[in-house]
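Letters are used for the chains, namely A, B, C and D, taken in the order the chains are written, and counting of residues starts over at 1 for each.
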Amino acid sequence: MNFKSDNCGPAHPQVIEAISQANTGFAASYGADELMHQVRDHLRDLFEAPEASVHLVTTGTAANALALSTLTQPWQTIYCTPLAHIHCDECNAPEFYTGGTKLTLVGTADKMTAADLSATLAASGPGVVHVAQPGPLSLTQVTEMGRLYSLDELAALTKTAAAHDLPVHLDGARFANALVALGCSPAEMTWKAGIDAVSFGATKNGCLGVEAVIFFQPKHGWEFELRRKRAGHLMSKNRYLAAQMLGYLENDLWLTSASQANAKAARLADGLRAVPDCHFLAEPQANMIFATLPRRLHQRLHAAGAVYGLNGGPLDHGDPDAPLPMRLVCDWSITEDEIDRFIAILQGA
Amino acid sequence: MNFKSDNCGPAHPQVIEAISQANTGFAASYGADELMHQVRDHLRDLFEAPEASVHLVTTGTAANALALSTLTQPWQTIYCTPLAHIHCDECNAPEFYTGGTKLTLVGTADKMTAADLSATLAASGPGVVHVAQPGPLSLTQVTEMGRLYSLDELAALTKTAAAHDLPVHLDGARFANALVALGCSPAEMTWKAGIDAVSFGATKNGCLGVEAVIFFQPKHGWEFELRRKRAGHLMSKNRYLAAQMLGYLENDLWLTSASQANAKAARLADGLRAVPDCHFLAEPQANMIFATLPRRLHQRLHAAGAVYGLNGGPLDHGDPDAPLPMRLVCDWSITEDEIDRFIAILQGA
Amino acid sequence: MNFKSDNCGPAHPQVIEAISQANTGFAASYGADELMHQVRDHLRDLFEAPEASVHLVTTGTAANALALSTLTQPWQTIYCTPLAHIHCDECNAPEFYTGGTKLTLVGTADKMTAADLSATLAASGPGVVHVAQPGPLSLTQVTEMGRLYSLDELAALTKTAAAHDLPVHLDGARFANALVALGCSPAEMTWKAGIDAVSFGATKNGCLGVEAVIFFQPKHGWEFELRRKRAGHLMSKNRYLAAQMLGYLENDLWLTSASQANAKAARLADGLRAVPDCHFLAEPQANMIFATLPRRLHQRLHAAGAVYGLNGGPLDHGDPDAPLPMRLVCDWSITEDEIDRFIAILQGA
Amino acid sequence: MNFKSDNCGPAHPQVIEAISQANTGFAASYGADELMHQVRDHLRDLFEAPEASVHLVTTGTAANALALSTLTQPWQTIYCTPLAHIHCDECNAPEFYTGGTKLTLVGTADKMTAADLSATLAASGPGVVHVAQPGPLSLTQVTEMGRLYSLDELAALTKTAAAHDLPVHLDGARFANALVALGCSPAEMTWKAGIDAVSFGATKNGCLGVEAVIFFQPKHGWEFELRRKRAGHLMSKNRYLAAQMLGYLENDLWLTSASQANAKAARLADGLRAVPDCHFLAEPQANMIFATLPRRLHQRLHAAGAVYGLNGGPLDHGDPDAPLPMRLVCDWSITEDEIDRFIAILQGA
């Protein structure tokens, strides 16, 4: 019963197999390998973007920081939510990569609205030398609390950004989970919705460690390549990143995996809804659940060996009825049996 | 016949197998996994350094830049040779990671002597606010031209650095090749010789993409961890880096691989010595050969499909006797048959 | 009637005179001049800090950014208020100088309480590699809305910072105005209250362009010198900065000037209190007034040629009764007559 | 007898007077003052460049680092000579401001030829992601050893740079001394010779601390303004910088001062030529002399109180005939009498 994170589970065997198959003979290094050409073609097809610039890196933080630094200047500010991964969980990576760009927090918790963004931009000072200049908008889809931006919400936000000539980046660490939840195409969730650059996550959904950065305007490509090399993120044996991505995309594994993860989170959420004193902090829309349980129920789960994210204080003493917040994440590998056991423990079985 | 680089060959099957075996069940992320503990123990044992701080990253550029940035300040200068990888091949990664440290070139081509370093340091200006302050010494072993520093040479260099209170970094992208060539222990080639931090390369010698950074003074550990995360080089699924390293170290695979690569380069060098008009640019001491051949011999090799590094002009026209420099690298996987075929072509067979 | 800013008025003649007197013969450059020794002695005496490290720069932004960068690491965060000059008015200078340190906003508008700071620090993650590590606290005295921290408030804040091992910086762009308002000594408002470094402003209070940075722990001195030079803020002809500062300190000019400015702001505030429909946004405590006036009164002031900071919309159309916020700043040079005229206009005279 | 540096002498009284005259009433801050408009107009006229972007800063290091950072990218390299001030005397300021651009040394000592530059650029790797990309050329006029580039030499260098699409920066810390020595116009020595940006020094030639940065392509202006503010180099009371520059330009004071300084250096050089055992290290062409004297003559000079730059070892012991290098700089204020006395001492008078 491990709901700690979708980066704790195993990689999908199909991805491991792709690596093994790539491990034959000599291959050009630093991204000039044949597999990388296939990755580029495949992702361009997938995104209906034949001119897109496609790059691979090993982590989501690198994908985000490199993408954003390509879109911004150090005297600008990036707009993101208070819970954005780039703000809360990357140890100043965006500030490092950009050379000191500021992050301006917009909206509440994990989401912002076009109205929030408009209000912030209305108070900004483009052309005033004393203040950070408006820079990129960075949105996260699935959000850090497991919610989604609808296509309409995305479009409204990117339209606001465009009205101020600001580029838009999408942190898609859980891109596939969002896509299958929305039931739209990759193009619809990105460039057709006004997104300029996307961190297309694969690590959490079945890979060992690979993320694609895609720019829909190819002019950014060469700068990104230089930034990636300068950051030590250009792999000499790039074929093993490319192989992972190909294994991930083959036969729509990426969509299958995400559907499985989402379905399991839905099953878990259904179970939780029947637990008295369980309160959702956000309506689950993909593969993550944020909710509270009384301390006594957490104690029972821990005694049974359940593993998940828990905040808000000591488990072993304090008011047994005090609600403590938790984060539960389902990856593709978690079994229905484990989910059912988790719920059964809560129901006192 | 691919002598292009030791980053073009395949990973060793034992390393692939280690990844597969690591791919079961849930594991703590971000380096808290059980395999990482084993890596740490193994490398500490290997280096006879029970307190050493051990970290994994995916590329040599990241290893070097992160290690150096931990040892320096942005108003200092790093001392390295004119051909140092950190100067010539990392697209300003050291400058980026350090926030603008300068690189001061010492010695000739790929090596420096203690006398070279002394002369440079004698002209430096510690305490003078206008000039870059003396910072770390960075040495490469195997050097960029395939040569070695003897243990005595290393000791003389580090003693000079220590006399100026400067830390010493070792770029060991081909650490194993140097070690087996010198026939010494890891401790002897590092901390016993006065090295403070080492980039312990594994990618070129049989892995997919993993390098260890080892500090013999553990005080640097936490800063390195923060710098690594801030740079997006902390892998969420770190177990796959750890598994590679364990597979690489198991049963001394790393030493066997390097011995094989060196032996093959020696066989190749022996063959070349018998080729009239082949002139060595540096005496081969590990797994790389730098030499010149007349253009007409290069043409013959290329016609036969040989792949290797060639500099100095067009192949298809010009003086057929003009000597053109080449770089030949042997990895563990190249066969004796390929080497013999390469030589046979040169001998006109 | 110019209440635009205390950086719009003239320098005090005594400061100009000091520059003229310094302009004789040769003097050592880069801060080794005799006048700089006098500055150092004078400020150490003034602050009762015989070991303090004292440095001069030409702008407040440089003073703040250099001081903060000396106290922080790029993976940390600086704590300041939402209206802090370092956050709102320095075009990412702190981020630039620190190499990407984040700024975390604490408190409301221009002030924070110890409770605010405690709550923020309780939610911080020292030792967690994913998040920005806690770094310096930066307070502004006089605040950006013309208010003061009492000595007790300062002590409570610095005590909270000290409990988390965080250094404290004071942005004293209007140091003298605060000091005379509080009626305390420089030592009491700084190191006795737990401040580690202060930007001691002089430009706004009678100089042409000079600020001192003072560290009460001398260990920071040499790093600051290197940072200042590296930033191009070490003046070759430093004697002219030193002369300004000596002229500013001589015969307590700095205190006299600040007292005059505060007294004039008090006179202006008294006048405004009698104006119907004038509402203070903050209780004036030094030489700045933040208040609202109906649009029609602003129109009347502008017609009469008054100059001051006005926010919140067009002056020439809109609801004549709508309250629009203004900032009025008094420097030492503004006359009582101008103040009285300003009030008279509002009173319809 | 102070020949230490042209930053040790006094400012010209006309410049001091200009500051005093500027010190009346209120003025717009941050460069919106009336005097700044006059500076802009004056320099545009002087350079026959009506569109040029003109900015003031307080130091030469700031002028150079800000100008270069506006012309380069952090993954590029700047080309300069081994003795360039930006390389030897600015404590990594260019690296800091650019975010880690490398400096590649071209030529010998203080000068490079177009052939030197061509050779270096021929070996560079534009488009190769592993190496620093070619960036700006930075030349110094007067050079760091007191020599000049002729207009033909400048044109040949800038033509080479242009052939590689590289912008050209001129470090004109002693711009006026070069100009009067060459007898050409400001336009001829800059944009007509292919220079894109110039650091127009005024501090060393009679000001307190002001340098102009001029871009002949106005597109760089706004970025420079943001970079300057972000670096804390935008003066709130900019009028005092503007006043200095106006005082400096008025009645061609800048040319008169430089002519005086050059003439005095020529008189000093003439005297030295008659001193047996005095050997010039570079032919003096402006206001600086680099030469050697036997230790015994240095001893005699020091006993008489002469002040100047001396390198190469202790003065008080060692071979009395050993030649020790010195740097002698004449500013506008040094008297002929002092020069004659200096020579007389050497002649044993």
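To be clear about the criterion, a residue touches a chain if its C-beta (ideal position, glycine included) is under 8 Å from a C-beta of that chain, and two chains touch if they have at least 3 such contacts.
The chain list, named the UniProt way, goes like this: A, B, C, D = Low specificity L-threonine aldolase.
From a predicted model like this one, the values you see are computed outputs, not experimental measurements.
Novice: Measuring between mean CA coordinates, which chain is farthest from chain B?
Specialist: Between chain B and the rest, the longest centre separation is with C.
Novice: Give the chain pair, either A-C or C-D, that is connected by more C-beta contacts.
Specialist: Pair with the higher count of C-beta contacts: C-D.
Novice: So, what's the distance in Å between the C-alpha centres of chain D and chain C?
Specialist: Spacing between the chain centres: roughly 34 Å.
Novice: Nearest whole angstrom, what separates the Cα centre of chain A from the Cα centre of chain C?
Specialist: Their C-alpha centroids are separated by 42 Å.
Novice: For chain C, what residues touch not just one other chain but two or more?
Specialist: 30, 74-75, 90-92, 96, 99-100, 129-130, 133, 226, 229-230, 234
Novice: Provide the residue numbers of chain B that touch chain A in the complex, in ascending order.
Specialist: 2, 4-5, 7-11, 13, 16, 19-20, 23-30, 57-66, 90-93, 96-97, 203-204, 208-209, 226, 229-237, 240-241, 307
Novice: Report the residues of chain D in contact with chain B in the complex, numbered from low to high.
Specialist: The contact residues of chain D facing chain B are 74-77, 88-92, 95-96, 98-103, 129-133.
Novice: Going by the contact rule at the top, pick out the chain D residues touching chain A in the complex.
Specialist: These residues of chain D touch chain A: 30, 73-75, 99-100, 129-130, 133, 225-227, 229-230, 234.
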